[in-house]
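Heads up, the next two complexes both have chain A, just with different partners, chain B and then chain C.
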Partner chain A sequence: MNSTNEPRRSTSSAAIQASLKRRYARERRFQWYGRLAVLTGFVFLFILLADIVSKGYPAFTQQYIMVEVDFDKEQLGLAADATAEQIADADYLGLIKRSLREMFPEVTSRSEKKQLYRLVSMGAEYQLRDMVMDDPGLLGQTREIWLQAHSEAGSYLKGQVAADSDQADRKVKDQQVLWLDQLRAAGRTESRFNTTFFTAGDSREPEMAGIKVALYGSFFTLLVTFFIAFPIGVSAAVYLEEFAPRNRLTDLIEININNLAAVPSIVFGLLGLAVFINFFELPRSAPLVGGIVLSLMTLPTIIITSRAAIQSVSPSIREAALGVGASKLQTVFHHVLPVAMPGILTGSIIGMAQALGESAPLLMIGMVAFIMDAPTGITDPATVLPVQIYLWADSPERGFTEKTSAAIMVLMGFLIVMNALAIYLRKRFELK
Partner chain B sequence: MDSPKALNSLSSAAGENVMDTGSTQETVASEAAPRIPLDIRDHGSVGDAYETIGTPLVENAKMSARKVNVYYGDKQAITDVSLDIGRNEVIAMIGPSGCGKSTFLRTLNRMNDIIPICRVEGEFSLDGEDIYGSGQDTVLLRARVGMVFQKPNPFPKSIYENVAYGPRIHGLAHNRAEMDEIVENSLRRASLFEEVKDSLDKPGTGLSGGQQQRLCIARAIAVSPEVILMDEPCSALDPIATARIEELIDELKENYTIAIVTHSMQQAARVSQRTAYFHLGKLIEVGETKQIFTMPRHELTENYITGRFG
Partner chain C sequence: MDTPTVFLLLIVLSIAGFFLGRRRSRTVVAGEGGARALHSLPKHYGYMAALWALLPALGLLLLWMLFETSILANIVIGELPASVQQLPESERGLYFNQVVSYARGAVDASQLSDVQVAAAEHYRELLAASGKLKALLVALMAVIGGLLALRRIAPALRARNHVENIFKWMLFACSFLAVLTTLGIVLSVLFEAIRFFQKIPATDFLFGLEWSPQMAIRPDQVAASGSFGFVPLFVGTLLISAVAMVIAVPVGLMSAIYLSEYATRRFRSVTKPVLEILAGVPTVVYGFFAALTVAPFVRELGESMGLSVASESALAAGLVMGIMIIPFVMSLSDDIINAVPDTMREASLGMGATMNETIRKVLLPAALPGIVGGILLAVSRAIGETMIVVMAAGLSAKLTINPLEAVTTITVQIVTLLVGDQEFDSPKTLAAFALGLVLFFVTLLLNVIALYVVRKYREQYE
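After this line comes the complex of A and B, so read on.
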């Protein structure tokens, strides 16, 4: 037998040998395509991140200018027995203007004065007001106070504007540059961590604008989304997978759930507007409605991934549980769901991440409003991070460019925290 | 299907190949070629209306099945099978793959209920009670008729939890001490306790295949069933683990009634008192194990135990 097979084997092995080289070359080529693809992806990701971070990180610092303020009662128009209301209504702007004029006595013309006043933030007067409200004893005293710089002056101090560029191309005028250089030389400017960004709501002035409302809004919205979409999605998946009879009706439901996952998100926004706001008269701009709308959008994703996770649980586990006399419900809740939980959580986190990044449906239900006070509950008006980013990206002021990128960084930080939580939960459910 | 090579080599010492089944395969084979195996689809002399040879019925049976027909959709998997399982006996069910022996086993504790397209006809009783009757609860039935599966399938939980799960859901233990006792006793009876007593909180899936299967047996006996059904319990195990399980079956028959499906004829011969031979959904022959393996009365049984089917 061997002798008759011998020559054939050698010719076939020669043929295999010849083809081997080609086959290995093909494999190597394919590996290189893969590496190239990964590299390309990485490069784009790096460009994106580098761009956002480089644009956004200055937003985390804030510039201050030290101004000597004389809390002159006469200037403020306050009597010795002024009430709190009178103190609140006093003219602190005039106080600041006078202090600035005193620092630069050479400024006389109207237009120059106007430029001078633009060195400090519009919010500085409220800063002073709050100080006096806290401590009325300040009245009549003179204090050196760090006032927030105007965003344009700030951007010069941060080095974002070159002093030798054409004056027409920048908001900070030559005269202002001169003053700022003088202040810097005198040690009267300072850069601090921007707490305002995290403690304030939206504002027309970039240096006073913060992310707090959007952050709270996103948090409350996702809370509502999770507590609606997760239980309903998982229950629906369990019922469809484990209990529902297989018939035309359940087939139809399955097809429709799959189709629902592909519906453009703005359609859900229209639905939310028509049903929840116009019909049920739920509050406009509230995280409650936003959460409901986003949970509708997320539900198909959660149902589909949960079903897949439940399906992939080995039938032998079910048999084992039924075999010792567990009821169907016990089998599902004691054995199938714990095993499927990591998959369900992965699906849910994908859905939640989608919801976190969604802006279009929220525009429809009014979460695009200009809101300064942080929401304290799910029914208070709020906005969300992506909408805030959209709003800032749309603003003409230069100061908002860095805010936009900084808000994106906050959004990504939010996402990372959320994913980390999901991974932690998943690891806890995964058994060796 | 069984591996034809294995069966051929098993039967190569069986001597003369006499093709006496009336099959059309009786061809002129070259002298060097090995014997041509019989076609498994050959029914031989078994028609649709057939009678089981031997003694399918016993007196004072623990479980009995009468005129059982099982269908998967349009396909009939079991045809007109009547069989008794005696008290405290080990009955082995053998036969080629797809012959319906596992299906029959699973009808005994209604495991087939979970397959939507499966339809079961016939009369079943456990101690005279109708298993498929409207008053019968599958949860209670499965607690009384436990099952060990082909592939070891411990829960992905600790060894302790694996055993304690059944008693817990049935409320068999009233406190932690009672539960500990049930778990220890079950593991001891499954001769696993000595090996795992220090690692009861380790996951059951981390044990070896043989240990896992003994864990599954411990899990099954923890709820004190009356009958234990075993569906090829050793098919995934090596000979040493298999020997331990067989020893265990031998000990368990003191207290339990056991029905075991197996592909290993040696195993059937070693552990069982009675053997039932299934062929393509029909119960061909039932008898004392010794008699089945030494003097089979039906030619299909003989062909099977001599390894003539390929």
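After this line comes the complex of A and C, so read on.
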């Protein structure tokens, strides 16, 4: 028997060997597909972050040009006893223009002058005005002053524009490049950390635009969101976990919460527009309405995570409290909630981070206005950081592209801090 | 008085209620053995008085705040001269808005007519009177509520149970807010959508092949004001979502399989959170990335191959949306694959199958319903995604399934129709709500099906 089976077994074993080889090769290929998929995700993430950082980091520096300014009273049209109001209204733009002309006396033609004036920012006249307002003694004196460069001149000084490229392709003209090179050679240009970006509101001029208003708006909006969503979300979670009877109404509530978690955010914007703005006539563009809408949107997240946190509290704690005569409510508020709090806070912070990055519903309720002054309360018109990013992304000027990326970096910085906090809390919670 | 002051007053009254209630509970039992004779602790009587003072008055305050402006506005508008009354609603609204902003001190009188200034003065007076009345009524309500509670305090009163019952109702009200929100969404979009369908027949909307709402130039042109055919938007939305799914499903699913079946614990614990960063990036950032980096890249790539690619191609928007959805698909499929019992894996491996045979012939067929559910959830996310398409997809509604062309989506149209100056009642703005209604129901349907499928699948293995 053995002898007759021998050859057949060897052929089948050869076939098996061959198929095994095939199967192992396939196994290895499959594993590589998996690695490739993970790698693809990494590559996308890397490209996204690298793109934004590389576009955004130049926005954190700002270029200045030193100009010798003669605070001539006659040029400003001010008498010796000028009032503060007259000083505020004086012609500082003319002063700057004259100073620039004096620096480059060879410039005579109208179009060249125009180009010359475009070296410094439109905001420079306000800079001079503020200086004189602070110290009227400056009048009649001559000073060397660092003036902010125009965004186009600034982008040349930052090295973003190659001087040998075709003049038609760039905003900085050859003549301006020549002047800027002269200034740089004379040590009259300087690069500083961009404080304007954090202390100014929105502006039509890239070099004068900042995110202060958006930061204030985001802060007020999140404040409203937190004070609405956190108490209501935790209460709802407590009710559903600890008190809700098993009946149809409870089922209805649970189904609703799960569905709301998956409703597109823009639909919440429609709700806000129809109910809070058109029906209740709350102010448009205000952090109040934005906060209410975002809190409705983040409620499901907070409820679901809080429920999970409450669920994970060991029953022995409840039983011990009930055993010594605490009522159900006392058990929950004195014993269960404090233990579940880190988990609840983790969920709430994640919900807040979601709200901070959200922009679609806020477009619906009019938080897209052009706002220069920081809001002082929750009913003032405001914009938020993501919406500011959206607005700047639409602007064609090159200067705004870098501002947009820089604003994105600030926004992502906040999100990273919030998420890190959430992870830290979760880690501590797990140790218990 | 302004609202924060009234609110503070209310809090003060409520705190006073607490102390009065606590003291009264002690005095009623002073002769009968002290606090021991009480049913509850003295502080519970205090809470009770405080809540009775607070809650009804707070309700009144909220109602007052919600309706104050619209009632006052109606009074002032009612007193405006007949010539203003006869203006169309939008112009009258504008006229009145000037009055309000003058009353608030936001504009100076030079921009307004005398009638408006007079109306503004009147409005300001009414506002002040309403403020005083509000403070008075709210305070009165709080005092009456508190006194009622104080009167009821007696040794046999079960104050703790009473307070806890109130709390339970408050907790219930908080969770019922979810139902109210859904109801609010449905009613607000439905109400405006019905007004839209009164102007534009529903069949034109649902089956029309052309979408160009921007044509309403004169108000008397309503019937001829552009066309509201919804089909191109729907096809555009599906096209972009399909591109997104083509990216997200293979990458997400394979990553999930690799991380749950092959990767070491350490690799997994590092990789998963990093990939989940993709889910935490705000959508406006993806939109910026799509519009400024991916779209030009796709366009150049296409042109180097001799294809004509629109600068706002569906491909670019879909690609970036796909990146956004990768972690979503990954964590859903990860959960689903982990829910397959280990016995099935072990049986297959024990029979001599390799790991990938086990995955493809045992795990995936077993997990298929769950994965399909997860993908449906991802599709619903893609359909409802707004910022990426607003920034990177086109505005003109073209009926095409070529991903290299520019298409528009439901969400893009909602945003374009509603952002900026708007007059209500025009079919243009109402159309946005009709689109919102469709969007809400499509995503709701997908979610309900997906959640049902996933739950059924889970039950199978529990």
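Keep in mind that, in the parts below, the second predicted complex is superposed on the first by the 374 of 432 C-alpha atoms of A that agree within 3 Å, B and C clash if a C-alpha of one lies under 4 Å from a C-alpha of the other, contacts with A are read in each partner's own complex, and residues count from 1 in each chain.
Everything that follows uses one rule, which is that a contact is a pair of C-beta atoms (placed from the backbone, for glycine too) under 8 Å apart; a residue touches a chain by one contact, two chains touch by 3 or more.
What you see is a predicted model; the values in this text were computed from it and never measured.
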**Prompt:** Taking chain A as the common reference for superposition, should the pair chain B and chain C be classed as clashing or as fitting?
**Reply:** fit
**Request:** Classify the contacts of A:357 with the two partner chains as first (chain B alone), second (chain C alone), both, or neither.
**Result:** second
**Message:** Quick one: is A:308 in contact with chain B, with chain C, with both, or with neither? Answer first, second, both or neither.
**Reply:** neither
**Request:** Check the residue A:335 against both partner chains and state whether it touches chain B (first), chain C (second), both, or neither.
**Result:** first
**Item:** Between chain B and chain C, more extensive residue contact with chain A
**Value:** C
**Prompt:** In the superposed arrangement, which partner chain does A:317 touch: chain B (first), chain C (second), both, or neither?
**Reply:** first
**Message:** With both complexes overlaid on chain A, does A:275 touch chain B (first), chain C (second), both or neither?
**Reply:** second
**Asked** Does chain B (first) or chain C (second) touch A:327, or do both, or does neither?
**Response** both
**Request:** Please provide the least distance in Å between a C-alpha atom of chain B and a C-alpha atom of chain C in the combined superposition.
**Result:** 10
**Message:** Going by the contact definition given at the top, which residues of chain A touch chain B in one complex and chain C in the other?
**Reply:** 327
**Complete:** Seen from chain B, its contact residues with chain A in the complex are 109, 111, 114, 116, 139-143, 146-149, 151, 153-157, 165-166, 169-170, 203, 205-206, 216, 219-220, 222-223
**Request:** Would you pull the chain A residues touching chain C in the complex into a rising list?
**Result:** 23-24, 26-27, 30-31, 33-38, 40-42, 44-45, 48, 51-52, 55, 231-233, 235-240, 243-244, 252-253, 256-260, 262-268, 270-271, 273-275, 278, 280-281, 296, 299-300, 303, 327-329, 353, 356-360, 363-364, 366, 368, 386-387, 389-390, 393-394, 401, 404-405, 408, 411-412, 415, 419
**Prompt:** Which bits of chain C are touching chain A when the two form their complex?
**Reply:** 66, 69-70, 73, 160-161, 164, 167-168, 170-172, 174-179, 181-182, 184-185, 188-189, 191-192, 250-255, 257-259, 262-263, 271, 274-275, 277-278, 280-289, 291-293, 323, 326-327, 330, 354-357, 359, 377, 380-381, 383-387, 390-391, 411, 414-415, 418-420, 424, 432-433, 436, 439-440, 443-444, 447-448, 451
**Prompt:** What residues of chain A sit close enough to touch chain B in their complex?
**Reply:** 245-246, 314, 316-327, 330, 334-335, 338-339, 431-432
